[in-house]
Structure formats: C-alpha cells, structure tokens
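The following pair of complexes shares a single chain, chain A, combined with chain B in the former and chain C in the latter.
After this line comes the complex of A and B, so read on.
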C-alpha cells in the first residue's frame, strides 16, 4: 500500500506547484476521481519525478459534497486537462480555473454523474435524437473575493471553416472525432470528442468480482491484451501479497513481448496504409498472422486472449510453443529488413514524416505521453526500466530513445523496439523453468483495504491500474490509467500549423487505440 | 503492315452505293461512336482486372480467383452491380452541376481515347494538330472534377476537388512540355505521321538523352495528371474518404471510376505512341531480315503490348510508394519538373538544329 498524503482543497494548487518546482515532480502519472460517500468526493494524484523515479501519492477531498469544487492543476501539468474533464464527467467535481470544463465521454445532455455511488440510472433513458454539437464551453473563474463564477467561451469562431474528421474515418484508428478548424489546408485548431466507444468499464467493475473484472481488460487496448491483464493481475497480487511462480513470470514476459511485436507490426502496417503504401500494409499483416497463430495455439484467441489470471495464467503453454516462437524469430529478422527497404528508406515516406508533428520533451512529460511517443521526444519513460516487474530486471535490453520528436522518430523507435523485444524473447525462451502455471487461490478473492497502483509498459505507453478496496469481494474503485488519453490530448499541440495530410501521419505515428482512451 | 484503311474505304464505298453520301457519313459516325464506346468499356474492364491481379501479385496474394476461371468474370459482375445500384439524390446539392460532372469527365476521356492510333489506318481522330487537340481534350476533365467537388455540398469533396484541380492544372504543363519536346524532334503534330516517322527506329532511341528525360518527365507528370500513384491525394481513401467523388453512387461513381482507369490507359497509349513507336514494330536499321520478321506481328499487338507495358510500370509505382502531400506535389512540379522540362526542350532544339539525333 502506498503512502498517501492528504492536502486540503484550498491549498492544493500552491502545494502542487511547490512539488513540481522544488521536488521536480513533473510527471503526473494518474489522476483519479473517487466517491468516498460520507467522506466526500475527491481526487487521488500520482506524481513522479521523471529523473529519479520517486513517486508521491496525494489525496484531495472537495469540501462540499453538494457542490464539489477543487482547484485545477491543468496549468501545472498539461495532461491534467483531459483527466479533470473525465473526473467532472463521472463525478461532477468542478475544477476551478480549468479552461474547458465540458464532459469528455458522455453526451452533453446527460443527467447526473455516473460514478457516484448514489447515481440513479433511470435519469438517462435511451435518447432517440442526436446530440447537437455545441462549439462553446464553460469554465469556472475564481473571483478576487474567493467566490467562483461560471463563464462561457467559444471554442471556434463563427466564420471558421470547420470539418469533422471521424468518427467514421479510415485513418483515425477507431471511433474518434476531431473537429478541425482549417485555413486552406492548415489546421488552426483541433478539438477532440471522445466517448464514441465508452462502455462504462470502470462503473461495471464496481459490481463485478475480481476474477470477473479480468475479462474487461482485454477489451481496452486490444493490441496490448496480455499487458493489460498483466497489470490488473499484478495489482491484485501485490495487494494480496501473492507471489507467483517463476514459470509464470517467464511466460507473462514472453507473452507481453510477443504482444508488443504484434502491436508494433500493426502500427507499421496501418501507418503505411494511411500514407498510401498499401503493399507494406499487407506485408506487416502477413507477418502478424504468425504471431496470432502462436497465440491461438496457447490461449485460444487471436485478439482477445483471456490468458493471465490472478495467481498465474489460464493454461500452460502449448507443447510446441518454444519451437514455434524460435522459428518465428528467425523468420522475422530478414522481414524487418524488407520493411526498411520498402518504406523506411523511401524518400517520399521520409518527407511525409520528418519534421512533422514535433513534440518537445517538456511537453511530452507534461502531457504524460508515455510509450513510443515519449521516447521519440527524448524522455526515457519505459516502465520496464523505471519500475521493473516480471523478468525485466533480469534480461538485457536497450531502451530506444530518440531526441527529434517528429513523426519519423516515433516510427523508428517502434521499429527498433521490435528488435529489442525479439532480443528479450531470445534470452528467455530457452530457459523457461518448470513449475506451476497457476497458484491455488480461494474462490472468493478479497483484497485488503487500501489504495494500490501498479503499471506495466503496454504497447503504447504506461498502462496503470488504480485499485481502491474496502475489503469486500468487489473493488470499491478500479481505474485504468489509459495509454492513449495523454496522446490524444497532445494531438492538438502536435498538429497546430500542420496540414490535414500531416494530421493523418501524426495520428498514425502517435499510435493510439480508441477503446483504451474511452474505456 | 496491314493497312486498315482498305477496310474503311471498302465500307464507305459500300454505303455510298446504297444511300447519299451525307447519310453514309452520318451512319459511319454513329457506327464509330458505338465502336469507341464498346472499346472504351472493354479496355476499362481489362484495365480493372489487370490492376487487381497486378496489385495482388505485389502484395503476395492472388486477387480475384473465384468468379469465373482465374477471376475473369469478376469485373463484369462489378460492372453489373454498378449499373443496377441506386443513384442517391443529395438534397442540398446543385442538381444540374452534380449530374453534369461525371459526364464531362467521361466525355473528355472518350475524346482523348479516340485520338490513339491503334494500327495502320485504324485511327478515329487524326487531325494535323493531333497532339494539341489531345492536350486540350484531356484538360476538360479538370472542369468535371471541380464541378463534382463543388456541387456535392460537402466540405471533404471540396477540399479534394481543390487539391485535384491544382494538381491537374500544374502537371498539364509538364505533360505539354515533354510532348512539345518530342514534337520538336518529329516536326509534325499529327499522330499517324508521328508513328510513320518511327519506322526506322523509335523516338526514344532516336532522340537519346532529351527523349529519355522527356519520357521520365512524361511518366511522372502523366501519373499526376490522372490522379494515380503517389499523386492520388485528391482521392486518398485514408484521408478524405474518396475526395471529390465521395457523394456519388451507382453509375455516376462508375463513370469516375472507369474514367480513371481508361485515362491511365490513354496516358500509357500516348507514351507508347510518341516514345515507343505506337503500332510500329521494332526495326533496327540495317537488319532487314529481323525487320521483316517483326513486320509479321500485327500493329495492334505492338500497340497494346507497349501500352500495357507502360501501364504495368505505372501500376508498379502506385503500389510501392506512399502518397505525397499536396504541397510536396506542387513543389515537385513547379520547382523541379518545369525547369528541367524547359531545359530539356532547349536541349532537344539544339540537337535537332545541329542534326545530332539518329
């Protein structure tokens, strides 16, 4: 259980600013809103120092449960912007000073705040009319005398040329809607509308047992199915103090790395397709089929794997798993050279991606844009190196970091990461120790009381699980720190001044998956 | 070489014996119109099938195989589907322009198609300013595309149409310059004359360096002219979901689709005619036995062989390279291709004046 510091709402902003300046806590890992019923509505912040990896957990409760207000920290960390909108959407906490206090996922005409424990579902019947798009937002400004008033602000001017990119669009990698203000071909402003695939996973988890919540993780970032489940299982096992056998650690690591190769191959294919090189798209998918076959033999699934469980894995690896993986690794190495021939070295591809969508290191840390995107901007944010788990502290691999921060760097980082993943698998595949593949667990799992957070390096960044338990068999609050939400909130910074064609290249290289953003 | 004008003369005299000459000419025009439309449709079908098979070969897969032997009936099935699809009416679109646009595109394509000399005597439009007319006719297509984007009442279509308009108008300049370079060499603009003059060697060999440069420029510019290959940003599926023809369905979309493929064939046909000799067989000066053997292969086999070879080249390029962005497309044209084209023209003039060609 991590140590939690409680800060009062009135002093929150200054205290956070002090933490950022003096203790250099520049990475806001996670911002979670929780409803503590009689104890009020509040927010839990996880901060980290990007250089020394020191972490601090802070809790802040809003003073008034009827009208909850907390000062914003979105001027300190840019990533807090979308997270605070999410908390407002789900719990109704208004953040004073936040420039854009709109709902993030739910419709604008939604009544009530779903994640509150006293939420009444019948207030929101299935609506038969479409939601009108309103291009204005409100924000709460603190007056000099301490009171707070609500002001409206327009997002787009009236005579701007606005187009919708999405939600149905071949290149947005899922159902995501961008409203873009254009001047000719140049993007002046970008507004993201999420929530088209919001399924209320966090609310659902509050009424499911711990074993049942595992099923939902595969459906978040479906290209990181193993990694997501690994995070949740790790969190629950850490909370309960369960030690899994070494065989399980090896298997989990190998499966995670295979999943990472799978995800990066899909990234490569879809990026090439978005930029028009359709042949490279099919090459990447052809190779990805081999990984999917390996998965199918062991787990039974190609996309949704259902493999990790609390205490181990679902079933032992298939008898020919080791040889199949080894033959796949020998097959893939020359194929990567083919990809480099077809796409990476191509002058057209380089011109489309070099210098496009710059994200500076400070911005990446401030947004919390982890994964390949952060590493391409010069931030060494790999969770496998920062807070090692499973077998990662016992294998030798490089963390690929580049400093240019443009789309080409993001692309190269992921191609090199495939090579590193293959190295990790090679070091582990021959030495899988014998042992149990699953610990004996009680049928009803009850996690001791407390607040827990654990994270894994998903295919696209830090995937964290925040678990608050009150000792029952259901989690009290289970939140998934999404890998994609900081990336999408950084899209506006990256695409300002770029052309529409660049927006596609940026979206392709940033590599978000929308179900992960919307949960 | 078999001269097709024997047959045309025979038909003309046959008709003139039965009816006054005006009526005979009118009937011939109708007949030729029908034949051109048929040839257009058949070439389109062959092109679409070829594209699907070539694309599949590059992508390590098979392409259509189930409908008919080796998938040959697949395109007929697609054409039938397109014909019977509902043409959806857009409520706020400018109806007249919206319906007119596909027809303008098809008409300009057919006009350009009629200029191609397929064999000796087998030409439809053979003016003494053939190349000039060809360029003018293919420029009408731009109007069709701009109208399509404007009248669709859709912001995406408008962006696609604007991009396409800018691109096509720019690259016509390069196409014109490279064709002009060859006209300097041939001294005539009439297409049948151009082919006749290549009886002792194709122009790409006769004109050596400037002809080669002109050929490369023509390939790049021709590709951009028909919105294909690395220059297909206006209809980029993954960006604007079909650009200027987003709002068209059924046969209207079919017109755009077919026009794109036949335009590709026309560009290749012109390249084959001007650079590779059209229906003229490969003659090497001095090897009379070899030339006699080459003459046995009919003219249209030569022509289609060369045209489809260039088509294959262009398809190869399309399925390998990613797309260029619109400002990169325009930069390529105005800052690189036009200066090189102008310099090349000068080079060709020097070579012709000092008789340095073969």
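After this line comes the complex of A and C, so read on.
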C-alpha cells in the first residue's frame, strides 16, 4: 500500500507550490478524482521529482459534497489543466482558479457526473442532435472575501478565423478534434476536443472483477496492449503480494519490447503516410506483420492479445518462439537501414520535421509528456530506468535522449528505440529460465484495502494504474494514467506559431492513440 | 431477363455462408421481371460498382488498425478493388464503421452517413460496432451501430482478422451484384415527401 499524505483543501495550493519549489516535485505523474461517498469527493495527486525520482502521494478532499470545490494546481503544473477538466467532467469537482472549466470528454448537455457512485444513467439517453460548439468557457474566481463567483471568458474572439479539424479526419489518427485559430497559415491558438471515443472504461471497471478488468486494458492503447495489461497485472500483484516467477518476468519483458517495436514500426508507417511517403508505409506494415505472427503463435491474438494474467501469462510461449524471435531480429536490422535510406535521409522529410513543433524540457516535464516526446526534449523519463520493473534492471540498454525537442528528434528517438528494444530482447531470449508460466489464483480475488499505483513504460510514455481497493471483489476506483492525454495537452504549446500543415507532422511525431486519451 | 446468383471469381458459391439472404433478395427482385436492356445495363453497372467499392477512411479505435493492415502489402485489399479510400464522405460508396461508437460520436457518424451519396453501404466491423462489444454496459457507448444506420454486412471479431474483413467485403460485393440499379429499388432511405409547390418558397 502506498503512503498517502492528506492536505486540507484551503492549504492545497500553497503546499503544492512549496513541494514544487522546495522539494523539486516538478512532474505531476497522475491526478485522479475519487468519490469517497460519505467521506466526500476528492483528488489524489502523484508527484515525482524528475531528478531524484522521489515520489509523493497527496490526497485532498473537498469539504462540501454538494458543492465540491478544490483550488487548482494548473498554474503549478501545466499537465494539471486537462486532468482537472477530466475530474470536473467525471465527478463535478470545480477547481477554483482554473481558467477553463468545460467538460473534457462528455457533451456539454450531459446530465450528472458519471464517476459519482450515485450517478443515474437513465438521465442521459442517446442524443442525436448535433453538438453545438460554444466559443466561450466559464471559470471560477475566488474573491478576496473568500466567496467564489462564476465568470465567462472567450476561447476564440469573434473575428478570429477558425478551422475545424476532425473528429473525422484521416490525419488525426482517430477521432480527435482540433479547433484551430489561424492567421494566414500560422496557428494562433488550438483548442482540443476529446471524448469522441470515450468508452467509460474506468466506470465499467468498478463493477467488474479484477480478472475481468484486464480485458479492457488491451483496448485502451491497442498498440501497447501488452504493456497496459502488464501495468494492471503488476499493480494487482503488488497489492496482493504475489511474486511471479522469473520465467514470467522474462516472457513479459520480451513481449513488452516486441510490442514496442510493433508500435514504433506503426508510428513510422503512419508518420510517413501523413507526410506523403506511401512506400515507407508499406515497408513498415510489412515488417510489423512479422511481429504479429510471433504474437499470434503464442497468444492467439494479432492486435489484442489478452496475454498477461494476474500471476503470470495466459499460455506458455510457443515451442518455436525463441527461434522465431531471433530470426525476426536478424531480419529487422537491415530493414532499419532501409527505412533510414528511404525516409530519414529524405530531404522533404527532414525539412518537414526539423525545427518544427518545439517542446522545451521544462514544458515536457510540466505537461508530463513522457515517452518518446519527453525524451526528444531532453527529459530522461523512461519508467524502465526510473522505476525498474520486470527484468529491466538486469538488462543493459541505453535510454535514448535527444535535446532538440523538435519533430525530427521525436522521430529519431523512436527509430533508435527500436534498436534498443532489439538489444534487450537479444539479451533475454536465450536465457528464458524454466518454471511455471502461471501461478494459480482464485477465480475471484479480493485485493487488500489501500491505494496502489504502478507504472510501466508503454509504447508512448508512462502508463500508470491507480487502484483504490476497499477489500471487495471489485476495485473501488481504477484509473489509468493515459499516455496520450499529456501529449495532446502539449499540442497547443508545440503547434502555436507553426504552419497548419505542420500540425499533421507534429501530431504524427507526438504519436498519440486516441482511445487511450479518452479511455 | 433474370438476376443471377452473384459470382465471385476465386471463391465457389457454395463456400459462402449465408447464401440464403442473398437468394431471397434475388427472388424478390425477380418477382416482377425486368426489361432485357435495363437488365443488361444493370449487370454492367453492378459489375463495375462491385469491383470498385470506395470506402470512407473512418476508424475510431482498434479495428481501424486492422483496416490499415488489410490496406498494406500482405493482405492487400487492392486485389478486390477496395483500395481507394476517401477522406470525404461525398466520394465514398461505403462506410466501414471500424470501432466503438460512443454517444458523442453517434450524431457525427449519422451526419457522415447522410453526407454520402446513394447508393451507399454500411459495414459494421467488430464487436463494438455490432453490439457495443466489451463496452456494452458503458454509459457512453452506443450498443450497435444498427441503432442509427442500416447495416449491410456485420463482421464479428475483436478485432476481426484481416481475412474476416476481406470475407465481409466480398460479401458486400455479392450484395452489390444482385441489385437493380435502375428504378430506385435499392434506395434505403425513404423518398422525401413531395412538397406541394404552392409558389410560396
């Protein structure tokens, strides 16, 4: 069970500011809203020092359940902006001083707050009317005498030229919607609308047994299916005190890395296609199919494998797994050279990416933009190094960090990571120890009371699982730290001042997966 | 002139599942007979239409990646004439609903469908589009795209294998082949009620 510090709502802002300045807690890992029923609504913050990797967990309860209010921390960490909007959307907690208190995922005319325990779904039938886009937002301002008043402010001015991109657009990689204010070709402001694929996974998990919740993690970020499931299994195992065998650790690590290669190959393919290089798309998919074959032989699934279980993995590796992986690795090396020849060195690709979409290191940390995006900005944010899990502390690999912070750096980081992943697999593949691949668990497990957080390095950043258990067979609250949400919240910073066509290149290199943002 | 059973070059007629519904369609269309010239024209047009089905690039989640996979070199749906995907609904023949449709997306999807030109088809890909799939109980998921659109082909799976997607698309081809293009028989939408032109508008 993680240690948790409680702070009064009134003192929250000052205390958080102190933590950031004195203890250098500059990375807001996760921000979770929880409904503690008679104990009120509140928020759990996970903070981390980006240099010493020291972590701290803070809880803040809103005093009044009927009218829950908590001071914002969005001025301390930029990443809190979207996260607080999410909490407002799900639980109705109003953040005082937050500049933009709109719903993030659900429609504006949605009734009630779905993650509240007393939410009534019958109030929200399917609405087939087109949603109206409002150009202004409300915010809550605290007056000197302590009272709070609601104010409105404009997002876009009336004379601004606004382009709508998405939700149905081939280059947004899913159903993400941007509203972009333009001046000529230059992006002045960008407003992100999420929620077109918000599936309510977190609420569903509250009425599923632990084994049942596993199936939904694969479908969050489907290009990191193994890693997501690994995170949830690890979290429950940590809570239950279950030690998995070394064989399982080896298999999980190898599978995670194969998945990462798979995801990065898809990243390469899609980015190339977005920039107009269709041949490279076909190359990437050709090689990706080989990984999917390996997955299929062992797990039975191509894209969604349902492989990890609590206490092990679903099935032992296929007899020729080792051989297949090795032959794949020897196959992939010359192919990477081909990619570099076809695309990396291409003058058009370089001009489209170099110096475009700059994200500074401070901003990356403040937004919590982990993964390849953070590492391209000079932030060594790899969970595999920061908080090693599975076999990662026993293998030798390099954390790829670049300092340019532009689209080209983000692209190169991922290409180099493929090589590192191959190195990790090479070190492990010959030494998979014998042993059990699955520990017997009860069909219904009850996790001891407490809160738990564990994270893995997903294909595109830190994927975390926050679990609050009240000792029942269902989780009380299960939140997934989305890898994509911090990335899209940083989109505005990256694309402001860029050309509208570069938005596609920036979105491509940031490499978000929309169902993972919306959950 | 009779409408014949749809033929696909590389797959035997008997090997398809669900021939029955197609046969019923053929029977229904043959009931009133048709003009020889119009019938031959129908055949020619249907031959062309069924071999160049343009889909809208529409994907909301996981199934979209499998849709990309069938577009790539290994499964290569260009073999069957589906390779042209259009980003604009105005130019598309069919919409492949690949992925979960949520409450917020439903009006958008309906709007996209309405923007497509007739004749148009809907293929529901994967468990989510068919019934809500694993997210059936969620507060924000539409339980089946057939609640808002008329679906022609259902392709089950989570996500469906590329082979399944191809099979589903070929089934749609067969359906296109047994249509009378002339006379508005296959129009799925009701004709708009004729406005009485009283000279006021």
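The criterion applied here is as follows: the second predicted complex is superposed on the first by the 519 of 519 C-alpha atoms of A that agree within 3 Å, B and C clash if a C-alpha of one lies under 4 Å from a C-alpha of the other, contacts with A are read in each partner's own complex, and residues count from 1 in each chain.
Going forward, contacts are C-beta pairs under 8 Å (C-beta built on N, C-alpha and C of every residue); 3 or more make two chains touch, one makes a residue touch a chain.
Predicted model, so just to flag it, every value in this text is computed and none were measured.
Undergrad: After the match on chain A, would you call chain B and chain C a fit or a clash?
TA: fit
Undergrad: For the overlaid complexes, name the partner, chain B or chain C, with more touching residues on chain A.
TA: Touching more of chain A: C.
Undergrad: Thinking of the overlay built on chain A, is A:169 touched by chain B (first), by chain C (second), by both, or by neither?
TA: Both chain B and chain C are touched by A:169.
Undergrad: For A:499 in the superposed arrangement: first (chain B), second (chain C), both or neither?
TA: It touches chain B, and chain C stays clear.
Undergrad: Kindly classify A:196 by the partners it touches after superposition: chain B alone (first), chain C alone (second), both, or neither?
TA: Touch partner of A:196: chain C, not chain B.
Undergrad: Determine, under the contact definition given at the top, whether A:348 touches first (chain B), second (chain C), both, or neither.
TA: So A:348 only meets chain B here.
Undergrad: Going by the contact rule set out at the top, does A:286 touch chain B (first), chain C (second), both, or neither?
TA: Both chain B and chain C are touched by A:286.
Undergrad: Contacts for A:161 in the overlay, against chain B (first) and chain C (second): which applies, first, second, both or neither?
TA: In the superposition, A:161 contacts chain B only.
Undergrad: Give me the angle at the C-alpha centre of chain A between the C-alpha centres of chain B and chain C, rounded to the nearest 10 degrees.
TA: Vertex chain A, arms to chain B and chain C: 50 degrees.
Undergrad: Applying the touch criterion given at the start, work out whether A:304 contacts chain B, chain C, both or neither, answering first, second, both or neither.
TA: second
Undergrad: Is A:107 in contact with chain B, with chain C, with both, or with neither (first, second, both, neither)?
TA: The answer is second: A:107 touches chain C but not chain B.
Undergrad: Counting only touches as set out at the top, which of chain B and chain C does A:121 meet: first, second, both, neither?
TA: A:121: touches chain C, not chain B.
Undergrad: Can you give the closest approach of chain B to chain C, taken over C-alpha atoms and in whole Å, for the superposition?
TA: After superposing on chain A, chain B and chain C come no closer than 5 Å at C-alpha.
Undergrad: Quick check on my understanding: which residues of chain A belong to both its chain B contact set and its chain C contact set?
TA: In chain A, residues 169-170, 282, 286 are touched by chain B and also by chain C.
Undergrad: Which bits of chain A are touching chain C when the two form their complex?
TA: 105-107, 114, 119, 121, 124, 126-131, 167-170, 174-175, 195-201, 203-204, 207, 215-216, 219, 222-223, 266, 269-270, 281-282, 285-286, 288-289, 292, 302-304, 514-515
Undergrad: Which residues of chain B touch chain A in the complex?
TA: 55, 58-61, 155-156, 159, 230, 232-233, 236-241, 319-328
Undergrad: Touching chain A in the complex: which residues of chain C?
TA: Residues of chain C touching chain A: 57-62, 64-66, 68-69, 72-74, 87, 89, 99-100, 102-108, 110-112, 134-135, 137-142, 147-148, 158-159, 161.
Undergrad: If you look only at chain A, which of its residues touch chain B in the complex?
TA: Per the touch definition, chain A meets chain B at residues 161, 163, 169-171, 185, 272-279, 282-283, 286, 342-343, 346, 348-349, 351-352, 499-502, 504.
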